[in-house]
Amino acid sequence: NSSQPQLVKKGTITVGMEGTYAPYSYRENGKLTGFEVELAQKLGKKMGYKVKIVPTKWDSLIAGVGSKKLDMAINDIAMTPDRKKAYLFSDPYIYSKSALIMKKDNTTIKSINDIKGKKIAAGTGTANADNVKKFKGQTVASSDFSTSMSLIRQGRVEAALNSKEAFLYYQKSTGASDLKYAEVPTNKIPEQSIGILMGKNNKGLQKKVNKALAELRKDGTLKQLSEKYFNGDITNK
Amino acid sequence: MIKLTNVDKQYKEHHALDNITVEFPEQETTVILGPSGAGKSTLLRAINLLERPQKGMMTIGDLTVDFSNNLSNHEILALRRKTAMVFQSWNLFPHLTILRNITEGPIHVLKQNKTVAENHAMELLEQVGLADTANRYPSQLSGGQQQRISICRALAMNPYYILFDEPTSALDPELEAQVLRVLQDLAKSQHSIIVVTHNMEFARRVADKIVFVEEGRIEFAGTSDEFFNRPTERIANFLDAMKF
Amino acid sequence: MIKLTNVDKQYKEHHALDNITVEFPEQETTVILGPSGAGKSTLLRAINLLERPQKGMMTIGDLTVDFSNNLSNHEILALRRKTAMVFQSWNLFPHLTILRNITEGPIHVLKQNKTVAENHAMELLEQVGLADTANRYPSQLSGGQQQRISICRALAMNPYYILFDEPTSALDPELEAQVLRVLQDLAKSQHSIIVVTHNMEFARRVADKIVFVEEGRIEFAGTSDEFFNRPTERIANFLDAMKF
Amino acid sequence: MWEIIRSTTPEIVWAGIKYTIPIAVISFAIGLVIAAITALIRISKPRGNGLVKGIWYLGKLIFSFYVWLFRSTPLLVQLFIVFFGLPNIGIQFNAWTAGIITFSLNTGAYASETIRGAISSLPSSQWEAAYSLGMTYSQVLFLIIFPQALRVALPPLSNSFIGLVKDTSLASSITILEMFMVSQQIASHNYQPLLMYSIVAAVYAVFCTILTILQHLLEKRANRYEVAEGE
Amino acid sequence: MWEIIRSTTPEIVWAGIKYTIPIAVISFAIGLVIAAITALIRISKPRGNGLVKGIWYLGKLIFSFYVWLFRSTPLLVQLFIVFFGLPNIGIQFNAWTAGIITFSLNTGAYASETIRGAISSLPSSQWEAAYSLGMTYSQVLFLIIFPQALRVALPPLSNSFIGLVKDTSLASSITILEMFMVSQQIASHNYQPLLMYSIVAAVYAVFCTILTILQHLLEKRANRYEVAEGE
């Protein structure tokens, strides 16, 4: 029955996330926490399911949803056309804007067009990496956010392309004053819609998730969460 | 009795046993003589099934095998347990103490009780004058001492036949005499013995039968008396040459 | 000349050389006799610096060392190159062919030209009747064949002194006689030789000097004549005992 | 900094005790058994008549293929295929089972090569002396060959064990939250990856040091009867 | 699926040729030299008078520490510290240099244990026979000891080499876009990680098979003078 959600474990949604990307999901005081962790818990409550969070690697999230070891992956996943072909997405719950992060005294990069020919750090396989390529920058693969920041500080790259929210959170938590960011206008790089990734044949689950997401949006929970973790509302376009 | 019939062993480079037919009578001492490289060790090793001849038959006591067939593990073990071998280069187990070198076979193969095996081993060690080395390792013994231990290891198995490959080659004359006396005692008791040796005096005095091997062939097999007192020309030459 | 003065070697478990003082005259053949475990191999090994005694002095030709000091690498090499050793258990290099076992030293230590070394090696192999084994590996030879190869390996070094540790222990009488004749030839030429052997006949006929070792001590050192014809009680016992 | 170390180390250690150590120890034990069997089969010389010999050769081939397969492909991929791939053909393991199976097979393949080398380093005269006493194949192995082979194989086997301890970090890709992943999760929040990595490295170092000490104790025991000569 | 395989394999192979192979080969070569030196120093018995002996012991200690350090900590952390950590104390390497240094030192530490074990498996009579010919230490080593030790060490060393080939995938964490990373990048687009992993595994398998064949050729050569006995 394709209209019923198919779940790995009855009465429980099994949610995959990396847990290595603050403030989306990370570890603090021995517990996994973050925007997406709380979102998953609130979603589960609304849908009437228990929530089981499974931390694993990025590739394993995809493979896990594909081979039905996970019901969904909530991991700041941008809804690209490629991905939409292979998987189902929920409605977006975040709209993410891009930013170029560089040293405070950097004067050579003023707009995204200036990255041409320069070394720019971007996460492996992310949309950011594609965009660096699009603007003829030289991608330097970086495994996580703080690695990108080290690369900038050590002068191994000129700048990093990443989400504005991630940098703001970074600056807030570390008080880093040696770095600055330049927002990339949405006519150059459109904001990315972030959604929850689910298996292709799990229409029933998608429907249910979308309904719960809409309710969370309506009752202000989503906005409240955004403000708690990002210091602003990024849940709308 | 041990009996070989038309046994043939061919190495890639060398024809080591060339259609050998010979008998080793029970409760007698047979001495194998012959020049270096003649195939004496190979012959002993074939009896112990360490070398697998390509052709021929072998009988040991009540067991007979045909080397052109495949031998089952069971056959091999049964045959091997009838003989014990003292190697030309000793081949002690370097990781075991002297005592355990001797008791390992009796305990695990003959299923002897550990104390019984150790007592017997200590007796044997005393006989060869090495009781005080029981807890050393082989690398801590001199060559001659190692050789005596390897004799003890074989004797501890109480085999139907004992095979000696030059049991006195690294011994000084004093000890050689002593070891040969041990062999003589064995020879006089119910034991059946096959010895490769270069000690002519020993051959003359102890051998019931002498087998002379040359280039993988049996050149002579007969009594000690025939060998020493009515030698063929080749044997006379051999006996002459050994007089330094 | 080789001269040891107050040389002492103590293993943890055993006092192997007990304050030894002895001379080995140049261009003479000295035979070391003594029961198994007496320290004969240890004495030879000390001369070759494979064993480092804790005390005493040693002179080889124009070089003198004091064992209580640390020897420099240079001293050790210089001393060692004056002697060559034939081991009781042969110790051939299993990964090299017979030919290369013999030529490795001359080529790399004496810096001989390869052809020269190989020709010399082939000559030596012919002398011991093993020229056809030149391209085999040691594991493919019989015990006695390996022993002859190890003699060739030492001779190829043209050393000032040659040290033999039971050079004939694995040989048949025919070959033993042959090898002993080689040694006798060496003895008659300019060579200086030290031999540990159990062959009394050889000792009697070839030895210029005899050294009798027991429990790490020199019990006798003198001419062959003294030893055999005017033996002390202990030596008489030894000579008696070896008569089987 | 001290504050971070103090507060995060316990959870990293705990993840190590809960996942890293049991996975490594269990897999190594199973792997060793697999390795010994594999090495012996690969060393063996087929005997017997036509059919028996044929099956024997086939067995050797299969074990050679196994060693080749597991040495030639990345461990991560092996984990992935066992955990995510096999369900496609109807074989489903939970993460623990998949992990233990894969780590054991992987270790077994590498260690079998080590053991094979160690056994063939022993002179054949040792086999002969043991056989001549009438020992069975397994008696020769356990009483004579393995104890001597151990001496040669200990350092590389300990390499394998220590390598395995650290390879268990790959278990995070099959949803086992082992200590490396924990430290990454913490690092993502405090933005101190170098520090967090150093902490986790220190914890690994403690485990591996224990193994190294064990190795040296075993080596001492295995070497008691002979010492190599340097100058 | 065939379309994906056809279109992605070339770039994965290219990344392998550009990064994986050169890093692995260069690091292994350097690592072997480090390993041999380390093994010999650790085996040696200090001689000489007070000061020389003291320095010698110190040397042994330092090399032991090096082996312990590189065996006990994860390779990923070592890479991270050399690449991201050392700049903090003013030592900055580019990614290639940092990679080669770290991989070489890591391989050297493991391989030194293997070589140490192999050398001490040789009977001391081999050293003695060679010394008695008047050979120098290095002649004994290169003419007599190493050729025989190789026979024992080949399988575990080849384990190390094959392991290294696959460990180079960690180079991606210091910005080297080696083939595993390339396949992950592709997977993040086509969402076929299992397939991409299988492709990259196949490419590794080709490299490692070549190494295995090489290993067996060398083994055959090293074993020509003796064969172990099974039954």
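Labels for the chains are A, B, C, D and E, by order of writing; each one numbers its residues from 1.
One rule holds for everything that comes next: contacts are C-beta pairs under 8 Å (C-beta built on N, C-alpha and C of every residue); 3 or more make two chains touch, one makes a residue touch a chain.
Fair warning: this is a prediction, and the values are worked out from it, not measured in the lab.
Q: Can you name the chains that touch subunit C as well as subunit D?
A: In this structure, the chains that contact subunit D and also subunit C are B, E.
Q: Determine, using the mean of C-alpha atoms as each chain's centre, which chain is farthest from subunit D.
A: So the farthest one, by centre of C-alpha atoms, is C.
Q: Skim through the chains and flag the pair connected by the most C-beta pairs in contact.
A: D-E
Q: Please indicate which chain is farthest from subunit B, where distance is taken between mean Cα coordinates of the chains.
A: Between subunit B and the rest, the longest centre separation is with A.
Q: Taking each chain's centre as its mean C-alpha position, how far apart are subunit A and subunit C in Å?
A: The answer is 81 Å.
Q: Which integer distance in Å separates the CA centroid of subunit A from that of subunit D?
A: Roughly 37 Å, centre to centre.
Q: In whole angstrom, how far does the Cα centroid of subunit A sit from the Cα centroid of subunit E?
A: Their C-alpha centroids are separated by 38 Å.
Q: Taking each chain's centre as the mean position of its Cα atoms, how many Å separate subunit B from subunit C?
A: Roughly 29 Å, centre to centre.
Q: Residues touching two or more other chains, restricted to subunit D: which are they?
A: 47, 80, 84-85, 128, 131, 137, 151, 193-194, 226, 231
Q: At least two partner chains per residue is the criterion; list those residues in subunit A.
A: Correct list: 59-60, 63, 66-67, 147, 150.
Q: Give the residues of subunit C touching no fewer than two other chains, as numbers and ranges.
A: Residues 73, 89 of subunit C touch two or more partner chains.
Q: Would you pull the subunit E residues touching subunit A in the complex into a rising list?
A: For subunit E paired with subunit A, touching residues are 84, 87, 92, 172-173, 175, 177, 181, 184-194, 197.
Q: Would you mind writing out the residues of subunit E in touch with subunit D in their complex?
A: Residue positions touching the partner: 40, 43-45, 47, 68-69, 71-77, 80-81, 84-85, 110, 113-114, 116-124, 127-128, 131, 137, 140, 151-156, 158-160, 162-163, 166, 169, 180, 193-194, 197-198, 200-201, 204-205, 208-209, 212, 223, 226-231.
Q: Spell out the part of subunit B that touches subunit C in their complex, as residue ranges.
A: That would be residues 11, 13, 33-37, 41, 88-89, 136, 140-145, 148, 166, 169-178, 180-181, 198-202, 205, 238, 241-244 of subunit B.
Q: For subunit A, which residues count as touching subunit D in their complex?
A: Listed in rising order, the residues are 16, 18-23, 25-30, 32, 54-57, 59-60, 63-64, 66-69, 144-147, 149-150, 170, 173-174.
Q: Across the complex, what residues on subunit D touch subunit B?
A: Where subunit D meets subunit B, its residues are 47-49, 125-126, 128-137, 139, 143-144, 147-148, 151, 222, 224-226.
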